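Quick heads-up: structures coming right below.
Shared between the two complexes below is chain A, which has chain B as its partner in the first and chain C in the second.
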Partner chain A sequence: MPFIPHTDEQVAEMLAAIGVADIDELFADIPPELRCDGLRLPAGLSEQQTLAHMAHLAGQNATDLTLFVGGGFYDHYTPAAVEAIVSRSEFYTAYTPYQPEISQGTLQAIYEYQSAMCRLTDMEVANASMYDGGTALYEAVMMALRVTGRNRVIVDEGVSPIYRTMLRSYTTNLGIDLAETPTAGGLADRGRIAAELNDGTAAVVATNPNFFGCLDDLTDLADAAHARGALLIVSAYPISLGLVKTPGAMGADIVTGEGQSLGLPLSFGGPYLGFMTARAEHVRKMPGRICGRTVDANGREGFVLTLQAREQHIRREKATSNICTNQSLCALTSLVYLSLLGKGGLVALAQLCADKAHYAHERLTAIRGVSRRFGGRWFFNEFVLELPTPARVVINRLLEKRIAAGFPLARYYEDMDNCLLLAVTEKRTKEDIDRLAAALEVSL
Partner chain B sequence: MNVPADRKYTKEHEWVLLDDGVATVGISDYAQDALGDVVFVDLPSEGAALAKGAEAAAIESTKAAAGIYAVVTGKITEVNPALVDKPELVNSDCYGEGWIYKITVDNAAELDELMDAGAYEQFLAGLNE
Partner chain C sequence: MKLSFDKSVPGRRGIRPPASDIDSPVAIKPSLLRDRPAELAELSELDVVRHFTALSELNFGVDSGLYPLGSCTMKYNPKICEQVAGLAGFAGLHPLLPQLPGGPNLVRGALAVLHAVDLLLCEICGMAEFTLQPLAGAHGELTGAMIIAAYHADRGNKKKTILIPDSAHGTNPASAAIAGFTVKSIPSDSAGLMDTGALAEAIDDDVAGLMLTCPNTLGLFNPHVTDICRMIHDADGLVYYDGANLNALLGRCRPGDLGFDIVHVNLHKTFATPHGGGGPGAGPVGVVARLVDFLPISVVRMRQDGSYALDYDRPKSIGYVAPFYGSFGIIARAHAYMLMLGRDGLRRAADHAVLNANYVRVRLASHYDLPHKQACMHECVFSATRQLRRGVSAMDIAKGIIDRGMHPPTVYFPLTVAEAMMIEPTETESKEVLDDFVDAMIGLARLAESDPEAFVEMPATTPVTRLDEVRAARRPDLASLAGGPAAKGAAQ
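On to the complex of A and B.
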């Protein structure tokens, strides 16, 4: 379909037909204090100038680095078969399956994706996916407010600072009481959370492993929340679930996370994949699309989008969310990736990541002046090193050797100038790790 | 459209049957027909105190979601447990087994604001013009 802009005459004709004087009148429902006072955009560029600008930006990307950076997004290997299957035109060009009679393939894929996410997290229902781990976490918070009818949310600071920034941004004008509690010894501080928990709390939000890579059993947090009628929301790293106790087993009520590590490239920020699973009793308060399995009038099994009365095209302003889409292709990618890995493959992959990370930890902490921050805490494939030099200085030095050594925690956390957050995936060879150790030793 | 004469009605298409200070409430034949197949009823909590006009329940059909309101100011004494497993009762027997909630009448004057069957039929006729 070509882009057909309206002419001024057409706009005037349409406004006259509906009895409106000007376009601004159509936005009258938005309170004045929430409107912006104009967009300050620079002058436009020609096609040639734009291409030159984009080429210049692209030229600043480094695509040859050996990556030890994590922070919520991980450099895992995607088998070639994933792309081969996902790029089949039946999947690649399929549109939104609102008409089940012509979309059974797409709907079955979504249903299987939902089933896979339930099994991965040990939960009972899933939606058809959301934009990314951060917005999925925000949607989980809103869902908890709806389920409990309360207004207060406690967020552990071990949750990704990127996600917490998103939570604050999305909830800014909603009058929600968002209380962030500092960590203690690298884990969620039970004492602080207990002090904040009251009968007005809708949810406690935690993550496992947390942003520092530390592993924690959140079962006691689930119990504490439930004792007050609140929910536990857990943000999870999918690959870790091949080895680590699942949020479902810990008693979580809603589980969200970033599905990028399930076969999606890092791609400088996206497209990514937000997943959400929950206890079945809360399904009517869930946002997003949900695909269901049913039988038609002739008794044949089929798949449909279901529980649509939650969504905004029916519920309008009382809808569970304004999301009216999902990340279909990314969700499909994760399903294909998980199917190819299989249950045994996921466990083996998780073990490989953990083994390599623990080898790296051993090599790196053997370097004089380097120690593990939060030593004594279990970790999966990510951990924090305390260096004798500010982390961002070390990172820059190692970049010159084409190594992305990790993430400087000082960017988001106080008193962590010398702390480096480091992740290791199955893609890093022993040689890569040894090279990192050698380079780090001379860069301190 | 079936409009039984033994009860009162609201502009939101609820019917009201009074018995010993407690009002039983459901939706009219016109409403269940307009909604289509009811698949879920979000019932209020027993004991909830509601002001007249406040949203008490919600009915979901395959194509719409509609609010059901408190017809008078009062406390919910009972909700219809049959609707949990058989929401379709709202379609098949909207005036009988498809009742939704019962509420105390704290202010009898509010009952005077309800329409009788004749007035409701006229109201419906007006809608179809």
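On to the complex of A and C.
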């Protein structure tokens, strides 16, 4: 039987040591009428059969598509060294570093990850990571309620509709006043937000670039929020921060985002990485694990989980969050990825994505009848194309040519039937983009 | 060890993105751009590989040695499961593809995995349907608590109290509170089980449900569990099964048959996916038939022709708890594991987990205090109170175990046992390894008698010894920030 080492002789020795006749006796506390008389499952497979079966299933997925689908989840290239490092089983078969003396590898990596995320977002503190960008945003909202003691949150509809539905689901029983404000011309509507802001507002939630790919400077939004004693929460796309003005520089108080683009596979939706950074003054209201640098009894530098008085294993129902672990291996992945790219590499990568996206924009909008929705706005590597026909129809036609041309916005937004959200990463070549343009032109 | 940032050499480059094949670079409006690059480390690829290899060598994982961390089920993580998750057809799959026209056909194999794992977990747990979306055990608890809330809201109930035994994991009360419930703690009785009398007293019209770990955190199976479920059901409450300890019951009994309504399963415990240094995990949630409508959006459905679809039309659903379908990479690993073990392997896993825990229990019983003497399930909980009288705490014993080349048990949990040491060997450990552990524990018990002072120096074999946690909390140094000392302002 797989993975069970005992021989029959050893089992007999152990049963004798325990003083029972057989293993069944160890389950005597389970009343007979509650016992299971055998699961209705097939017999086990060998490793070889299992791999064959799973490879067969994997082969039924379309991985030959040329991807222009983004929507917050991006097809970036991951250097081989990332996988090589995170595959070290000293990292991946360990658990939460409860015993710091034999967990310095994980702990220092978390500290470096926290540092990297602070540097990337221009913020002062970070937690050790959360499940994904959506749950991180929800946790940021809850954190803002704790910081301000208020109950109202304003969410710009430029925030991912996926995250907004998650926010609504999580807050529905909590009596939180969640106001969503429509965008104006592709950006957060300053007038609407100002009208919604009052002295009961805990936070304004925005994102940059937003779901339509539009770039914004949210500094005035931070000022407006602060003037009413509210926080600004910004959800960010980390690769864009190679170029784009940081949430910290705009005056954000809490920054979250999806870290998948930092070396994690798309993997059909997870495991991903939620990151969270904040101003230092708020650290004791932060959810999740936090790692800190300290010294040992001999004065040597080392790392521990700290500020644990916030957490569920100490505070139980009064904890800042119910989160138990972080997303440690994914945080490590992002750290290794950022370390490999380095200061100059991230800038170059971000510029490359932007260049390719702008080339795609130029080629596609040159097609008769095709334009860009929110055309006056700057964008990073994603934008909305307005087509002369419903986007769904066009996507379908291009899929026949093995091109996933983008995401149909009608799924989440009214009045956007003909709108296609299209992302370009460094993995798409000029030829890919030319092929997309040619295919789009003949499909209209 | 030096931070990667402190090894940085200005101008050094690691991975270089490809040269641009676009002739004219775009110049985005400067006011929208950052004014200086992020101060990431500047290292060569080899610098990075060596730095992280060196860090990995400071770590201890299941592959390093015995990891009997109670309540965490640190069993061996089969290597083949890593390979499965890395298959290009899984790893490269964009999660929005199913939402494209004709999308489900683009991800047929992935939906087949989700559907199969749903069915496997239903059979193992005796539930009607699972959602695979919850991204960790605690996230499953929150999902379950939201389902309890939705169930009562649907019936027009205004119930606001969740009952939780005092031996429960801290995540239980935290999850219930975050879902909007008031938590009432139920004491344990002298046998280490939830006090049924106290439970009866606590049940009133406001009780929405009970969260129970079974076997509990002392490794004990409560023989009255069906009566407890009945008591809660009689008050129109729901009973939640915290699956942290499901490894004990695989193929032996099913939570659904015991009377539980909602179950979460930790795939990273029971189904052998790696713990990752603290995540990612996965915490699928199963429910009985009357609660299926409340499961999160979306769910995978198999059509009559054998094809798959995602159902988003779920008016009674609690909504979206995750962006997509769950931690797919973890789910795929767990699927491979379940296929390999099959019907008999799953049961044998539980059998041997319980055998190993009882073997350790019996062999250590005369050396450490055992608060509850009956046979345990997959884990046993000792107390170091005897050793504490000599000045040696559970933490000291833990540090001593580190010096003997093993990971210590969970200490100071459950909270209901003083100086608790919670040992969960799991089924994948051999008798020789268990004997080494037992011998080490006995040696430490003897040392506590003969030379308690010796523990002050432990651990002595590690790159650092005991760390100053008070300093870490009072003078927080939480990040190395560019161009300045560590984060300020967090100190009290």
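The rule we apply is simple: the second predicted complex is superposed on the first by the 384 of 444 C-alpha atoms of A that agree within 3 Å, B and C clash if a C-alpha of one lies under 4 Å from a C-alpha of the other, contacts with A are read in each partner's own complex, and residues count from 1 in each chain.
Note that contacts are C-beta pairs under 8 Å (C-beta built on N, C-alpha and C of every residue); 3 or more make two chains touch, one makes a residue touch a chain.
Nothing here was measured: the structure is a model prediction, and the numbers come from that model.
Enquirer: Looking at A:K318 after the superposition, I want to know if it touches chain B, chain C, both of them or none. Which is it: first, second, both, neither?
Expert: A:K318 contacts both chain B and chain C.
Enquirer: A:R284 in the overlay: touching chain B, chain C, both, or neither? Say first, second, both or neither.
Expert: both
Enquirer: Of the two partners chain B and chain C, which one touches more residues belonging to chain A?
Expert: C
Enquirer: For A:I4, is the partner it touches chain B (first), chain C (second), both, or none of the two (neither)?
Expert: second
Enquirer: Under the contact definition given at the top, report the residues of chain A touching chain B in one complex and chain C in the other.
Expert: 284, 308-309, 314-315, 318
Enquirer: Help me check something: in the complex, which residues belonging to chain A touch chain B?
Expert: Interface residues on chain A, with respect to chain B: 284, 308-309, 314-315, 318.
Enquirer: Please output the residues of chain B touching chain A within their complex, sorted ascending.
Expert: It comes out as residues 39-40, 42, 58, 60-65.
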